Amino acid sequence: MQTANLLPLVLVMTAVAYGLAYMRSRSVAEPLGGIRHLKSLPFYYAARAALWCSLPALAVLAAWVGFEGRVIQSLVVSSLPAHLAPDNAGEASLVLSQISNLSAGKLDAARVPAEIVGAAELLGQLRAQSQQFKSILVVLIAVLGATFAWTRVQPRINARENVERTLRWLFFSCAAVAILTTVGIVFSVIFETLRFFGRVPVTEFLFGSSWSPQTALRVDQVGSDGAFGMIPLFTGTLLISAIAMLVAVPTGLLSAVYLSEYASRPVRNVLKPMLEMLAGVPTVVYGFFAALTVAPFIRDLAEALGLQASSQSALAAGLVMGIMIIPFVSSLSDDVINAVPKSLRDGSLALGATQSETMQKVLFPAALPGIMGGILLAASRAIGETMIVVMAAGLAAHLTANPLNSVTTVTVQIVTLLTGDQEFDSAKTLAAFALGMMLFLVTLTFNMVALKIVRKYREQYE
Amino acid sequence: MNTTVTAGTAGVSERQTATAPQPAREDTAVREGVTVGMPFADDPKFRLRNVEVFYGVDRAIKNISLDIARNEVIAFIGPSGCGKSTFLRCLNRMNDSIDICRVKGSLQLDDLDLYDPKRDVVELRARVGMVFQKPNPFPKSIYDNVAYGPRIHGLANRKSDLDDIVENSLRKAGLWNEVKDRLDAVATGMSGGQQQRLCIARAIAVSPEVVLMDEPCSALDPIATARVEELIAELSESYTIVIVTHSMQQAARVSHRTAYFHLGHLVEVNQTDKVFTAPEHSLTESYITGRFG
Amino acid sequence: MNTTVTAGTAGVSERQTATAPQPAREDTAVREGVTVGMPFADDPKFRLRNVEVFYGVDRAIKNISLDIARNEVIAFIGPSGCGKSTFLRCLNRMNDSIDICRVKGSLQLDDLDLYDPKRDVVELRARVGMVFQKPNPFPKSIYDNVAYGPRIHGLANRKSDLDDIVENSLRKAGLWNEVKDRLDAVATGMSGGQQQRLCIARAIAVSPEVVLMDEPCSALDPIATARVEELIAELSESYTIVIVTHSMQQAARVSHRTAYFHLGHLVEVNQTDKVFTAPEHSLTESYITGRFG
Amino acid sequence: MSDQTPQAELIRQSLKKRYRKEKRFRLYGMLAIAVALGSLLILFTDIISKGYTGFIKTTITLEVPLDGELMYLQDPGDSEQLAMADFQAPILAALQQHFPEASSRQDQRELNRLVGSYAANQVRDLLKTQPALLGSTKTLEFLVHDTVSVYVKHADNPAYSIRLSEQQRRWVDQLVAEGAIQTSFNDVLFSRGASREPSNAGILGAIVGSLLTMVVTLVIAFPVGVAAAVYLEEFAPQNRLTDFIEVNINNLAAVPSIIFGLLGLAVFIGLFGMPRSVPVVGGLVLALMTLPTIIISSRAAIKSVPPSIREAAEGIGASRMQVVLHHLVPLAMPGMMTGSIIGMAQALGETAPLLLIGMVAFIVEVPDGFFSSATVLPVQIYLWASSAEQGFIELASAGIMILLAFMITMNALAIWLRKRLERRW
Amino acid sequence: RDTVNIVGSSTVYPFATVVAERFGRNTDFRTPKLESTGSGGGLKLFCAGIGTQHPDITNASRRMKKSEFDMCQSNGVKDITEVKIGSDGIVIANSKEADPMDLSLKQVFLALAKEVPDPNGGETLVPNPYQKWSDIDASLPAVEISVMGPPPTSGTRDAFVEIAMEGGCKQYDWIAAIKKQDKGRYKSICHSMREDGLFVEAGENDNLIVQRLAQDKDTLGIFGYSFLMENSSRIQATTINGVTPTPDTIADEDYPVARSLYFYIKNAHVGVVPGVQEYAEEFTSEGAWGDNGYLVDVGLIPNPRSTRMDVARKVRSLESMTGNEL
């Protein structure tokens, strides 16, 4: 039976197991005088039977499906005559693909060797057998599991405990996905990063003040020129994020204040989602907007003022990014300000404070930890944002604090290094992973510190 | 403690009582707009007539008329939900902040119409201070809490003036000795009773003429409650005080006059000792004898 | 209403009183672990010995020993923050859900150790029901609210059984006539008093042996309060009831015995009429005469 | 005012200034909102003004002589012949009826380039399905070549005429005047996959790809996120492990999306050997990316369920799990859904991580399953925006409008759900 | 797997997609799936091995490097057929509203290199001192040098550097002489673009450069010929050494900055994945890449006819590379 059919079958069996266990638990309860004399509700006996029926069967099914391909492959391959036998997994998968395309009529049988045609039959056979075994095994295990659970429908057994423990484990594993993701991220960048540091000294990378992967392409330049110093990238990231925050924090906060204090309910209900749309606009769109509308405008403006401005300025990218993250600040702050106990507001108003005074002197300080949380989130977004800077900020790694200059950011470098013309093992490709690793570490520290600060702050005021 | 009528309430007169003053035991129904006892006063601080308050379409206060005399302590008592807080909050327009709340009728403070659209609530609230049920100090230092009002109202020109105001207010609130060495400590770290007295200090720091108190002791333990009650007695010499309380004992201890509310009606207003010893209205009697509430 | 000791409390005896039973007026200090009056009973429902409760390092309950007799109504009174709720919540281990809360001492329900680690709190709570200060119906239909407990405990085999349980519980709670036509209406749409009676119906639907009530009337208006008190009197015939209240009148009206708490100590336990007419401990007297609280 | 205290005087004096401040503060708030909304407005007008022409298609109606001789086709049933036949010839002939003077090879080439390359296939498919039509003359409607389309749509802007010769422009003008060339709503955009010809390009493939990807994301991220949130809020003991999980989740919310792309590449494609460019992988990566958002908002939602409900249930003897499943989760559902929808909207607009897992692909066929190659909306927009043809630029803007429409729908859904499911207590 | 998988150069991508689309439409094979990964990225995937999880064909805007070929070999990708499909001109252009420019390769080098020979004479290098075009040559306009070009990660950039920059650079004999002694140093002199902001790396989006040129008439941009063709209403090409880029001048190699485009077939996949060879044959049919083929419409500059016939024959016979030709 196909896996696609087996799954529904297991589901049906699970349902049957559930139903049978349910009925059995009721009939067990009958002579005792009702289900109140069971240790658990019939539902839990039934749910336990369902779990016993499905979980082991599904686990076996998953394992089988995971390995059957490889096993069949090696069987088929070993049946091939020596001169056709593939020497590696790649060739083997080719042969298999050829065989299956052949049987599907997508390839011309005349153009493939006869042995392959023979192998195609073997493959078919093996697949059929595997299906058979798989079906039998899975059904058997499901039945065994269900039977076991069936025998355990006894009034003294606490099925609820069992079911709840299983669920709790399930919930825990879901929470653990966050850890797995982190491990996955580290895993996916660590090897390349280490290889990178095999070529470029760590100190060089961490403290070098010049970033220029183009020159570093040439073997002789690596290291000698400090071409892999990440300082300018991080200062660039900081500069752009700082500009973005300068835009987003005041605008967002004032918007939040207006929304929570002055706007009437209906107005707020309309305005808030509209502001939130700013965060939903795809970043590609912002990128075009920054590069084509804002950057030239800033340049012209700067020139009119007699200033030198690059056509790709940090300012343009920062401004637009700032607009994008306004809702992070405004929505979260609005929520937090609303969550400040009404008693504090009343207290201030009753003293004759105006709304703005109440806001500035009481609500705002009280909401600060929460607002900080929103701002931190916005800052993280700004640091991690890619598309806008790719289009609007440029690639030149200048170590500068002048917002009219062009700078580049970590994320831009990662994207360009990874999606551009990569070479095998060149330090430049590996550098992308090292940058990714750094960025990850930086946000991690950032968050840990932030959590500490926010917690401390909170304790002080609660 | 102080249950005799002081000078401040000398003017309280009995101009309108629609029911016969003597035994009205059978009168268990309330008639709208009719209050037994002595609801009115000559030259009152507050002159409130035909006040009605609506939450949306619900009428929470039903045609209440009442005068509050200068420098008297008046207690509002009554079972839960009868409208005590609502009525109290009309007096400094704290109800403004509730969207669905509408106030009708004539409410005057010293001849000024409270609900005049041109009326300035900021100024009004500076004159009519308020203390709430749950102590609500700002999460700032003790000093800043008390200095908050004077600062926003610009009452002190110099730092030393401000220091004086803070010290005086804390002294009046009987808190000075306890906190004088830690004025910079965060106020939320104090005990509940201290917090409540701080809130009182904060309210009197702007020298209001009236102080409204909505169950100021109900979150406090007995010792703290006693301190706050003492304080109220002292303050009554310089301020008009309106206090809502759940505890009849407390009303008896601190107030000159007591007003009994019932389901949005003002049933009876009288000298406090009169209310507790010889209530005129049968509902009042049921309440104070503990037949309900 | 019912202030005489009923059969249920007949067994209450005075085995241990460390203070002289007669006028202890000077005894304003409390000695830890010492309770005047009659804290113990023969064959009690709850046998509580040397109970201490800690919130983190704060000791909220200080070495309290008490017996609660079968089918008695016992009221816990005392000023705010004295530990009434904390002590009450030990009796069905509701404190478990507060992380920092630790309970020490021996607590037994019918010879079963409540805090035995192997004890199943679910079963315990089915035997010891609870009603809270603020009515807290689930945002479901009235029927589902009452049926919830019987459902999760598997008390009904058939829909009709369940219907019966729901009807009976609502009848006992005196709510049946008011809601029988709208069992499908959402419970949160009812008035406060109805909600609280619904919560009582919900608690008794699982046929508990004990019902704990933490200030069940403090959010209700006088009429609703009266209904709930009636209900308590009726329920006392079949259940052991422990009620925390702020209102001494209420304690006097509904309970057989009254326990006075003070700052974590159990100061005095006695027949209710005794407590209110001739308190043994000076603190109790101060409290009931309204000198504080 | 009989008894005015000096304080009252002071207060009155300060009032004017304070009210001015109040006004100013309020004004700043309004300004801030205006700035934010203004930016939104500018963005939208910019996009709409550039993209509305993407929703217009240009067609030409011709009397096509389905002459077998012309096409070298005797029997439409013979696949050999069908493969060799020249289906462009009858279209050319039909055009020549309009312009008999165009007879040189150069003229013929220019004429041929007035219609899109799909025209010949259209004729072939017609004959294949209805062989009987061979020999008759049929009125057919074709999409014009994309240069013509751009020219017709922007008749007033000479910048768009550059790819047409002088002579072609004359012809097109004439055909427009005769009514043979017409514009109408671009249904092609919504019914086809990608194409290299702007006039034949559709966004359906990308829409379906996005939907498939989003389904995977939702099916994974929502249950896992909710379960994780429930665990952390309700069951997790306070220890280092849960602290670590907590920090991790906050951190993952801040990790740049491109790094999730690296993760997908290394783990799903590299380690698990999943194919490139498929919605499953895209969905998994985006699910991991949205997970923190969902967990964080779900936790907030669970926290906001009044503790009295939990107490009530526990007081009756419900177990922790029963409290969670019977009460907390249903009551927190609106908040959880809002968070998820917002997370999903973000995932819907995400490009960077998908660049790394091969979803930047040219895929003509509309994907038909979770394991068939696909792109998604933002990637399609990105691809169009970086193509040389003028026709693609307006399609990119049209694509952005469609994406925004999806986004707005999802946000509206979030608000509606919140309104709908919200319960008050 | 029954669909041809193609990866590789973003420059070849527009041409390959046209072929793929037609191929899918006119045959019974499924339309190949094309990913734009950049030449290097494509070769990396291509050379990772044989098997259905690896692509069948990769496009490249430069020739496969020896190191890449070796990598392929070591991963078991033994038989590879190289298909040279035509050329792409790299143009320097500016807005039509500005005056057209004419530059020599040497001027391009002087304007864009990181270090240039000392203008005061001598065989020393100084950091690029030129700020205005007129600093380089008085005949050029007296405006700021401002050039936007592709990032170092793109094949276009590689080609530009190798052809235009190096072409100008080696006109200095003493620099050309360095090549013999120290190839690395020679390359670093000739291939380094200036980083002081006058040359702007614009990311891999040529449309963005085109639109920026239209807005800013003093800026020059570097990109592929097809973008010039598509936007000739707004921008105009700079003539290099006096030659205007047109299909003819590029095909004749009169225009100096042009490069060849390729794709590579993994022969092991032919006959396994249906359509691999057929696709390559469609690409190399006269109707596609011929002088009047449809690829010309999208900007491909065809190879001379003789080259085309030669390559087409290799495709039909699947002639493998030996590695020596690189």
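Every chain is named by a letter (A, B, C, D and E) in the order it is written, and numbering of its residues begins at 1.
Convention: contacts are C-beta pairs under 8 Å (C-beta built on N, C-alpha and C of every residue); 3 or more make two chains touch, one makes a residue touch a chain.
Composition by chain, UniProt nomenclature: A = Phosphate transport system permease protein; B, C = Phosphate ABC transporter ATP-binding protein; D = Phosphate transport system permease protein PstA.
Note that the coordinates shown come from a computational prediction; the quantities given were computed from them, not determined experimentally.
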| item | value |
| --- | --- |
| Common touching chains of chain B and chain A | C, D |
| Chain pair bearing the highest count of C-beta contacts | A-D |
| Chain closest to the assembly centre - both centres taken as Cα means | A |
| From chain C, the most remote chain by mean C-alpha position | E |
| Centroid spacing, where centroids are CA-atom means, of chain B and chain C in whole angstrom | 34 |
| Separation of chain C from chain D, taking each centre as the mean of its C-alpha atoms, in whole Å | 61 |
| Euclidean distance of C-alpha centroids - chain D vs chain E, Å | 31 |
| Sequence positions of chain D contacting 2 or more other chains | 11, 18, 319, 385 |
| For chain E, residues that touch 2 or more chains besides their own | 37, 53, 204-205 |
| Multi-partner residues of chain C (at least 2 other chains) | 152-153 |
| Complete list of chain pairs which touch one another | A-B, A-C, A-D, A-E, B-C, B-D, C-D, D-E |
| Partner chain D, residues of chain C touching it in the complex | 92, 94, 97, 99, 121-126, 129-132, 134, 136-139, 148-149, 152-153, 188, 199, 202-203, 206 |
| Chain A-touching residues of chain C, taken from the complex the two chains share | 152-157 |
| In the complex with chain D, residue positions of chain B that touch it | 110-112, 120, 122-123, 126-127, 152-155, 206-207, 209 |
| Chain A to chain D touching residues, read off their complex | 160, 164, 167-168, 170-172, 174-179, 181-182, 184-185, 187-189, 250-255, 257-259, 261-262, 271, 273-286, 288-289, 293, 323, 326, 330, 352, 354-357, 359-360, 377, 380-381, 383-387, 411, 414-415, 418-419, 433, 436, 439-440, 443-444, 446-448, 450-451 |
| Chain E partner contacts - residues on chain D that touch it in the complex | 109, 113, 117-118, 121, 158-163, 195-197, 273, 275-277, 358, 360-365, 373, 383, 385-390, 393 |
